[in-house]
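In structure tokens below, several structures.
You will see chain A twice below: alongside chain B first, and alongside chain C after that.
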Partner chain A sequence: MALVGLFFVVPIVQAVTVSLSGWPGVGPVEIEGLGNYAAVLASPEFYHSLLRTVVFAVVVAFGIVSIATLLAAAVSRRVRGARIYRVIWFIPGIAPAAAVAVYWNTAFQPEIGTVNAIAGLLGLNTNSALLASPSTALYPVILVSIWSGVGFAFILILGGMEQIPVSVYEAASIDGASPARQFFSLTLPLLRPILSITATLNLIWAFNNFTTVWGMTNGGPGLATTTLPVLVYRTAFIDGQFGEGSAIAVIAGAILLVLGFVSLRITQSRGVS
Partner chain B sequence: MRRLAAFAKHVLLLLWSALVVVPFVLICLLAFRSEKDIYNYPLGLGGSFTLENFAIAWWGPGGDTGVGIFLANSASVALTALATNLAFGAPSAYFITLLSGKVRRRLIRVFLVATVVPLVLLVVPYFQLFDFMGGLNNPFALGFAYGSVALPTTVLILTAFFSDFPHELREAASLDGLTAFGTFIRVVLPLSKGALVGTSLLALIFVWGESQLAVPLLQDPTAQTVPVGLLAFRGQFQGQLGPIFAGLSLAAVPIIIVYLIFNRFIAKGIALGGVFR
Partner chain C sequence: MTLTVQAASIQAATFAVLKEAFEAANPGISVKIQTISDDQKQTTNLQVVTGSNPPDVAFVPTNSNVYTSALEVDGLLPLTDVWENQKLDSRYDASTAAATKAADGIPYVVTTDNLLYNVAFYNKDLFEQADITVPENRRIPDNETLYEIADKLKAIGVAPVNFSGKDIFAAGWLIDGLLPTAATPSEMENYLTSYNPGIEVTVEYTDQPFVQTIEQLAEWAEHGVFQDGFLGQDLATALAQFQQGQAGIFIGASAHVASLTESGLSYDWLLLPPVEGSTTTVTLPSYQGDSWAVPAKADHPDEAKLFLEFMMSDEMQVEAFGGNDILPIVNTVSLDQLTELDPVTRSLVEDTVANGAPIGWTSAVPGAFGQTHIGGQVQALWSGQASVSSVAEAQQAELLKVREG
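Moving on to the complex of A and B:
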């Protein structure tokens, strides 16, 4: 309990304190009031970044859950090799996110990157530089985040699917429902609790994802991929504005805690926790 | 129609598997290629075999800050984190299961809330705390912090596991004159190896990849862990890809091998209710 206090409660109090101060990184913290919050809420960068983060998190969470559901549906009917799929699909989630991000950064480089090399094999343009243009840089980051998150979501969703009794499907087959019909009218509704938990968890993780974004783009070009965690890092540790950085962190944290509580509610109401 | 659907399904499964595996194969393959071969054969199919990249990556661009030292730092961080995590997590989880219903539920709720505290909120205060205590650029201090950050999840997973622990064994142990703590050390722990290994592995995966806290807390290159070092590699090698791929494979391969060996325990840990962010 003491450790939880030392590493959770004290830091949060401290984060709020710093966010109320003009702390430059050294020396004592002097509370100055709500100036940092006013500055943050008045800065267009913050809203730009918040919007980016929300778009990023929503698209990533939706992508992860859709692909994971599709894959789980394909594997759950005892496909040959199902055990192997289960093991290898989790690897992108196991590998260090920094390594994954650095690799994919090279993969999207023109000519020499894997993505462009494969595009070349298919006879497509090989010198696209998605990461170099502010208007497209977010897409590769979204794709990579989906790629590394599917494995875990897949395991959760598959676990949910395997708890649906076989007899339900047998009854549906006798009634003449096609496999597609069974998927949409039986599997999806019965999975709704698991799907919503998985989606919320991934929403939170994507919202909070620092490594993939930082590793692939450092938040650039310009501010094109600066999500809130990256903005906090930039403001506090690169620009030395610890007070303002903390204010952003507290606002981001508040949004996340609300999301977290919503997800916990959903979880607890089903008695899973 | 049905055949077509089955066919499409297998194509989908194989396609996703390829998408998952190919990057890692490529990283390892390109790590053994010269710079010229990487440019000429970006998919790794061609060119000659060289070990030079590994030497460069291991010693680093300046000769003293390469993957070798990053791996050593990551190992210190991981060992400290796991030791902290288990030493505090396992007894807390066990004694929580022995408490009365109401207190137990309250405590579990505290830990649940702690698991959703986002790291972004912790970065600046940790920097301050570490600065104050002289722990900046100290892998052991970071390991201790990781062990504590991972504590709520560990406690939740282990509480779920210990609450199914058979009473009879506990009662038998106390009849034999063991104290509550003695029972925990000599009866409960030896019978819980699977769950302990599973949680430790989940924590290890978290620690091995974490960078959000580590980037600001370990700014001195000689103190950096693998992820922090790799993130800096890109700038240091200025478009030289071979050493980067060598560094990536040195970073990713150990943890993937650990995962492939112990994946059953990890799956069990996840089933018991947890994953670290």
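Moving on to the complex of A and C:
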């Protein structure tokens, strides 16, 4: 109970208290009322940022779970080199997020970046600047977030797959089920609890992802990749408006709580049925 | 005992000299350098400086939110004794001394050096290859000539002007170069000071000088003056590309001279043109905000003050700063004493002697109002998410907000 108080109740109470104040980042916190919430909820920037964050989180979580499931299925089926793939696919997951962001920012640079160099080898345009355009800047960030998140999800899902008794697949084979049919009719339904918890966790992590977004784009150009965590950082630490920044964080936390709860309820109810 | 001293990453060489010399001069005191990033110095360093375990000597730029917020909670010690011992009131220029003190007239920081920025370093070999002639006065006269230079550089397969558009401070550099060419001296004075509610606003950000400046920025981007993808490129990448001969021009600062020379590049510098139609001579903007303070909760305040005095001595201004191509700020050090100064840095200083180097707008106004606010706005403009008028209106709205406190 003491740990719950220390790690959950105290920070939440502090965040809510600061969100009700005009705290400049130092000194005592003086509660002023709900002005920060009114300002945040009246700001178009907040809604743009919220929409961007939800899209980012959903696409990243879906991408991670889908790819990790396919990779785990391949390894579980003992494709050639499965042992090496087991390590290789996990490596991006253990790379420091800040280093990943800095590397991929450079990799996406026109002419000099690795991505454009590879595009050049394939006879494609070497001058694309995806990070510099508001209409495309989020795509590389999504790709990199999926790339770095797949490893951990892969290990979880692979662990789940390897718990499925071989006799189940043997029986299905005797009944004439093809590998694809076995994957969709046996593997996926039996993995549902693990898939749902992996999807929920990745949704939460992507929603809260600051390092990759900030490291690759600083939330720009303009506000094109400013997700809610980046907006909180900009408002609190760059603009020095910690009260308003905390209000955004509290609202984002509440939204995330609802999203996570709904996600778990949906997957749990399907799991029971 | 160990004295913890914060330093900007770009000044690592300077602080290595300071550490060695200070330790030699003060046996028993060991100096631990704590490097902080450009981001930290403007943002999270506030919590470090005012926290329970601050460094003994803190890096607190005077145009940052860290400085203003730390002062509000009495988080910095007055440095009146350091100023008196080092005679800083007379060794700084009058305007520097006034700008470095707080509104109550008390100094809480010492500022150590003078940074010249918005310098257009150019690659001499690429200019020759592209058949570009550099104006004798180092100033590109107008937009037409700038576009011609950019086109010639692109024609030989290199980026024209490498600029770190991803960095929030970068747009401010260009504005600091352009605004004095669009505004009259009195308008400029008002832009520099009107964030202070005690000063009457005589020129607004929606007025012609500021609007013309923003228009110019939009026009340069439209004409492809900057490298492809400049909005996704940070300073380190833009600099590296220039050092590797992949860009004709790099927008940097006097602090970049050391690394440019070290890279073996054949380079020199010039200045971008004024706003369209202006006949005002373009000058190098200067920044005198690299400042150090002693946090109120520092463990060793007396030794920290000793370190500050040591930093400000003529000897260290010459050896530690001048010796690493960082320009000393005190007027008791002459250019002749700076024998180690790179010829490029020397020529920058000589230009400031001839033409002046007024303090830049983003260097003078609070960071959250100038540098970071306008940086985001101009990024939005360049990426098609804002218009010139909306940027100007947003800046004027921010002015009113700042004045209201």
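Rule of thumb we're sticking to: the second predicted complex is superposed on the first by the 247 of 273 C-alpha atoms of A that agree within 3 Å, B and C clash if a C-alpha of one lies under 4 Å from a C-alpha of the other, contacts with A are read in each partner's own complex, and residues count from 1 in each chain.
Here is the rule we use: a residue touches a chain if its C-beta (ideal position, glycine included) is under 8 Å from a C-beta of that chain, and two chains touch if they have at least 3 such contacts.
Keep in mind it's a predicted model, so treat the numbers as computed, not measured.
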Overlay on chain A: chain C relative to chain B, clash or fit: clash
Chain B versus chain C as contact partner of A:Ala132, first or second or both or neither: second
Partner chain in contact with A:Gly220 - chain B first, chain C second, else both or neither: second
Touched partner set for A:Phe56, first chain B, second chain C, both or neither: neither
Which superposed partner A:Trp205 touches (first chain B, second chain C, both, neither): first
More chain A residues in contact - chain B or chain C: B
First (chain B), second (chain C), both or neither touched by A:Ile91: first
Contacts of A:Phe237 with chain B and chain C, given as first, second, both or neither: both
Partner chain in contact with A:Thr106 - chain B first, chain C second, else both or neither: both
Listed stretches 44-52, 206-214 or 350-358 of chain C, narrowed to the one that overlaps chain B: 44-52
Residues of chain A contacting chain B in one complex and chain C in the other: 26, 105-106, 111-112, 233, 237
Chain B contact footprint on chain A (complex, rising order): 1, 3-4, 6-8, 10-12, 14-15, 18, 23, 26, 29, 67, 70-71, 74-75, 79, 81, 85-92, 94-107, 111-114, 116-118, 121, 147, 150-152, 155-156, 159, 179, 204-205, 207-208, 210-211, 214-215, 228-229, 232-233, 236-237, 242, 245-246, 249-250, 252-253, 256-257, 260-261, 263-264, 272-273
Touch list for chain C against partner chain A, complex: 42-44, 46-47, 50, 65, 69-70, 72-73, 75, 159, 165-168, 227-234, 237, 241, 246, 368, 372-373, 376, 379-386
Touching residues (chain side chain A, partner chain C) in the complex: 24-27, 105-106, 108-112, 127, 129-134, 137, 217-218, 220-224, 233-234, 237-240
Partner chain A, residues of chain B touching it in the complex: 5, 9-10, 12-13, 16-17, 19-24, 26-27, 38-39, 42-43, 84, 88, 92, 110-114, 116-129, 131, 145, 148-149, 151-152, 156, 205, 208-212, 215-216, 226-228, 230-231, 233-234, 241, 244-245, 248, 251-252, 255-256, 259-260, 263, 266-267, 270-271, 273, 275, 277
